[in-house]
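As written, the chains take the letters A, B, C and D, and residue 1 is the first residue of each chain.
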Amino acid sequence: MPMICLSDFEAYAKKHLPKMTWDFFAAGADECCTRDDNLLAYKRIRFRPRMLRDMSVMDTRTALLGTEISFPVGIAPTGFHQLACPDGEKSTARAAEAMNTCYITSTFATCTVEEIAAAAPNGFRWLQLYVHCNRVLTEALVRRAEAVGFQGVVLTVDVPYTGKRRDDVRNSFQLPSHMAVKNFEGVFEKENCIEYGLPPNSIDPSLSWNDISWLQSLTRLPIIIKGILTKEDADLAVRHGVKGIIVSNHGGRQLDGAPATIDALIEIVDTVQDKAEVYLDGGIRTGSDVLKALALGAKCVFIGRPALWGLTYKGEEGLRKVLQILLDEFRLSMALAGCHNVSEIGRHLVQFSKL
Amino acid sequence: MPMICLSDFEAYAKKHLPKMTWDFFAAGADECCTRDDNLLAYKRIRFRPRMLRDMSVMDTRTALLGTEISFPVGIAPTGFHQLACPDGEKSTARAAEAMNTCYITSTFATCTVEEIAAAAPNGFRWLQLYVHCNRVLTEALVRRAEAVGFQGVVLTVDVPYTGKRRDDVRNSFQLPSHMAVKNFEGVFEKENCIEYGLPPNSIDPSLSWNDISWLQSLTRLPIIIKGILTKEDADLAVRHGVKGIIVSNHGGRQLDGAPATIDALIEIVDTVQDKAEVYLDGGIRTGSDVLKALALGAKCVFIGRPALWGLTYKGEEGLRKVLQILLDEFRLSMALAGCHNVSEIGRHLVQFSKL
Amino acid sequence: MPMICLSDFEAYAKKHLPKMTWDFFAAGADECCTRDDNLLAYKRIRFRPRMLRDMSVMDTRTALLGTEISFPVGIAPTGFHQLACPDGEKSTARAAEAMNTCYITSTFATCTVEEIAAAAPNGFRWLQLYVHCNRVLTEALVRRAEAVGFQGVVLTVDVPYTGKRRDDVRNSFQLPSHMAVKNFEGVFEKENCIEYGLPPNSIDPSLSWNDISWLQSLTRLPIIIKGILTKEDADLAVRHGVKGIIVSNHGGRQLDGAPATIDALIEIVDTVQDKAEVYLDGGIRTGSDVLKALALGAKCVFIGRPALWGLTYKGEEGLRKVLQILLDEFRLSMALAGCHNVSEIGRHLVQFSKL
Amino acid sequence: MPMICLSDFEAYAKKHLPKMTWDFFAAGADECCTRDDNLLAYKRIRFRPRMLRDMSVMDTRTALLGTEISFPVGIAPTGFHQLACPDGEKSTARAAEAMNTCYITSTFATCTVEEIAAAAPNGFRWLQLYVHCNRVLTEALVRRAEAVGFQGVVLTVDVPYTGKRRDDVRNSFQLPSHMAVKNFEGVFEKENCIEYGLPPNSIDPSLSWNDISWLQSLTRLPIIIKGILTKEDADLAVRHGVKGIIVSNHGGRQLDGAPATIDALIEIVDTVQDKAEVYLDGGIRTGSDVLKALALGAKCVFIGRPALWGLTYKGEEGLRKVLQILLDEFRLSMALAGCHNVSEIGRHLVQFSKL
């Protein structure tokens, strides 16, 4: 089976993963309206492509908070990569390093931050953070990540409680006994790990804007906030000194009825302007989706499920292949739209009367 | 089969009920456009959820005309609960009492108001009223309900004649011989009960706004009016002294082509303001549907068919389970949208540009 | 099989008619966009129903150019009724007479106007006219119809040439040898009847506005024009002295891409005001469709295919049943919308923000 | 199987062509959104047809840059006609000549321009041009075409690189060994022809607006530009002295997410006015599609895939049949819309409130 586009990897993963794992990766909250709208929303957008602009030389590079990446697609944080391939997050880190892009490592990785850093010593990584009720655990993790070279902290803000993913409840989803949330190994008793393979009450629902300064006090790394969907919260984020905002609805896994991220992007970009960088995740399946997100103001996008499909297919090599396809498709879409580099991508590329 | 969400109960009921009963519960008028639009309309609405607001303490309570309920979901009036479970409306009353919410008992119950009151002596109940051509019967029923502690009278105003529900006509729907409209037992001869198991001409088509004062003269209970779909009628209701309005299209069983209730809600809320309470029924299937209705101005919603599915599954226990699921989902949706209590739910939660 | 609604008759006809006949009745032009949109357009319209208006007394009567009919649904002109039932147009005439409504008899009837008049001597009928290239034939037909009591002439204006109905071409549709366009019997040689069972070039493509006065010179009957879809043509019709306009796209059988008639209605009603009566055909399948058309300004609607299905089911009796169902549904829809009689039906019943 | 409409030819081709060839003809870029929207967009447009205008005499002729054609439908450039029929582009040329319309011959024909010209000596032809990295090859081809009577040069501007057509990649699409891009025979080594049966890097990605004057210096033929989708590029085209613009998205084979051509047409027509002629290709399947495109301002349309289906069916005869069907359908649509000739077709025919 030739792997031509991201949906080939999806089909492969659906066929080869145990049903419980596939369901966990694919899950959306409740009726999955938001999960599905993340994809459909791109298909409602039309380009205004420009012709005859000498496309012989092109450049897909961009930078995240000053660090150059080869093209504006990074790896979104998702948990439990050993469910997809034996080396888990080590494979992810190697693929991201090889493709010279940013990998946001999940708090709920099945490898420690130290193992991940050692696997790809020159990789560009941010640490995704769920704040634990026991703040000491979180502080330690931030310090460990900073010590091994992570360059940013991505605070997830849309999980005061876990969304209701029906299939996970039906399947009583749990991590297999030989896997663990390695960053906290020994901290939790195995038998307590009942919710999604995670310790119960492991995420602090009291998290609030006041905690941004607490987090800033722990680390010199820039804080990026993930899960913003309104201009009001984007404005608050800027006022609290965050350096980046990831427009995200958690892949449609939290509040069903939340807007597609590409639909929420514009008002946030307009509010934030150049006071922070704005990124997006959710629903990216082709290079032209990437181009649409950048045209509407995202500095970079991050892929979640497609990365897991790539890992499922062939570990590091599979994820490299997924990233390479997106790079090739994005470069081609840029060329066909008349953009030589990312600075030429803008709102003029989108046909607004049809939105 | 685990019961995770309301559609699990729907599937159970469809599988286990006799076809004639299922068809009667499911029926919509004519081509069922309005019945189906009641659900679809929710799926067109998108939230504007807010983040980082300390969701550790939450409160789902509200009050209907001064009486506190545990969360803003009550039981809409539907007839013939013995079709769903042996104890009929007694089970419904017990479940509503256990969950501390409001149960609107139908005129066409298969238990008497006295039996229902005795089954759940501390329950909060309103009596739904169809006005009989023979007004004496209606007067007696109102007085009996008031005597046994019902706290409100819900006048249904959208049935001058019964809507055309094709499957009921095809099935020649009738109550089984061992069931009866118990509130009127002995009043009607069995053999006359030919229309939907009801006596023919049992509902007075001459009902008009003038009858509100007649009804007010019978009882000190507050009058709530059910079946309003326009601001003009909402304004008339307020002028006639009703205390509450249920925006309803009778589950799509009356006028096919009537708007989805969630679409009709806003103009009514804007007209009524604080001169009466505005509720809604129709199409509620998840906790996020409840949140949408409250965000657009409903004080509370009522569930019809889902209550019948719960009764079908396991009588009182089944209905409690349905209500518990809605409570859990509603609380989670509130948390994910950033609302600590119902007073924080408002129109700012809805993305109007997409409506 | 109980016949509850019009689609039951459609299913019966599809099952029992020879395929060539079914295809001919069902045919739409080209890709059938307009044929299908005629129905879909009704489903996009939402009512603003009014409650509590004493619906004990109701009246569905209206009048066409001064002649009273029992409810605002007449029989649109369609050809070849013997394809549906043995007595052909005689059955149609009897059913319309029995139900006290208007029957527009097609030029291409399989009975003569004299036979039709004799079959239902007290019926209210208009003659539909295709103008023949040989105008003498048309003049004679108008005079014969007037002589036997037809009360109006309906000039079809949307057939300079016959639309392309793919199935009819595939089937080489022709009338069976024992049937004939009886009004012109003997005029045409049988062997020439090659197009749709009609003589080739039997309709004059040169028909123009100038011919209205020619037609007015032939008869004292009022002229109604059928096939108008724009305000510009409606205005011309009024200026040429026509008394009625049927907004029609020929059931979607002529120009594919023409608007649904219910969508074209409003601008025509607004232009014509009370200078002529405005009717509509196309897509009426329920009583609430009738109510929608009247709410948007039609004085009456006409049914085409549903009449043929009724004739197919049981001749006169079948068509009476179709009309009775529409009458019952229309009366019920009026009651549920709060209208006592047709004069109370108006644009206020329609939710325009959703159109 | 009778061939009544263009989709009959499509079904025939799908059934009879080798899968690899069918896939190549049918292919769209990526997820085929643009390919499919090209057709769907026509179905969203509604006419405002006019009646009673004496349609006995009609004229479908128009002119392209002064050359009369029998009706406003020409043959769009597509490659490799020998994949469809043995005589390849010679058949195409003969059919276009027979039907008196314009044939835009592809650079990537499987016959030479000289063979094509000889096959239909009186045909009206334009040469479609892909500019080769080795400009000498392109210059020679333009001169050869001009020498054998081609009357225009159509520069394709939307292929700096080939779009990603998944099925072609899956199939490793290649020309069969007995076919060749004849215009360049001997120039390329067979073994290098790896991309879509074409030499790699055969199209120059550096093409820019400056090259228009280079092209004008090579030939006295008028330059037409193909692949414009915005008013900005249309304005540039006019400023660079092109005589015609083909609004095209390459049949949805280049940038997925580009607008349907009929949706892009209006802004280009408004910008260009009478400074150049504006044509369109993409999605034309019926005569009423042609009428819609002309109503929105196109001077002529061109068919791509339908021409290939016609060639597949019966070579020259098959393509003549396709063109004849479009001519008959277009004339009929004109008649049913009230237009005697192409000069009467205008924007007043389209219902803009529904766009």
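Couple of notes before you dig in:
Operating definition for what follows: a contact is a pair of C-beta atoms (placed from the backbone, for glycine too) under 8 Å apart; a residue touches a chain by one contact, two chains touch by 3 or more.
Owing to the predicted nature of the structure, the values given are computational and were not obtained by experimental measurement.
Farthest chain from chain B (centres taken as the mean of C-alpha atoms): D. Different-residue interface: chain A and chain B share under half of the residue numbers found at their contact. Centroids built from CA atoms put chain D at 60 Å from chain B. Computed from the mean C-alpha positions, the centre of chain B lies at a distance of 42 Å from the centre of chain C. Looking at which chains touch one another, you get A-B, A-D, B-C, C-D.
Interface of chain B with chain C (complex): residues 30-31, 33, 157-158, 160-161, 163-164, 166, 169-170, 204-209, 211-212, 227-230, 232-233, 236, 254-259, 263. Chain contact summary for the complex, chain D toward chain C: residues 2, 4-5, 42-43, 45-56, 285-288, 291-292, 328-329, 332-333, 335-337, 351, 354.
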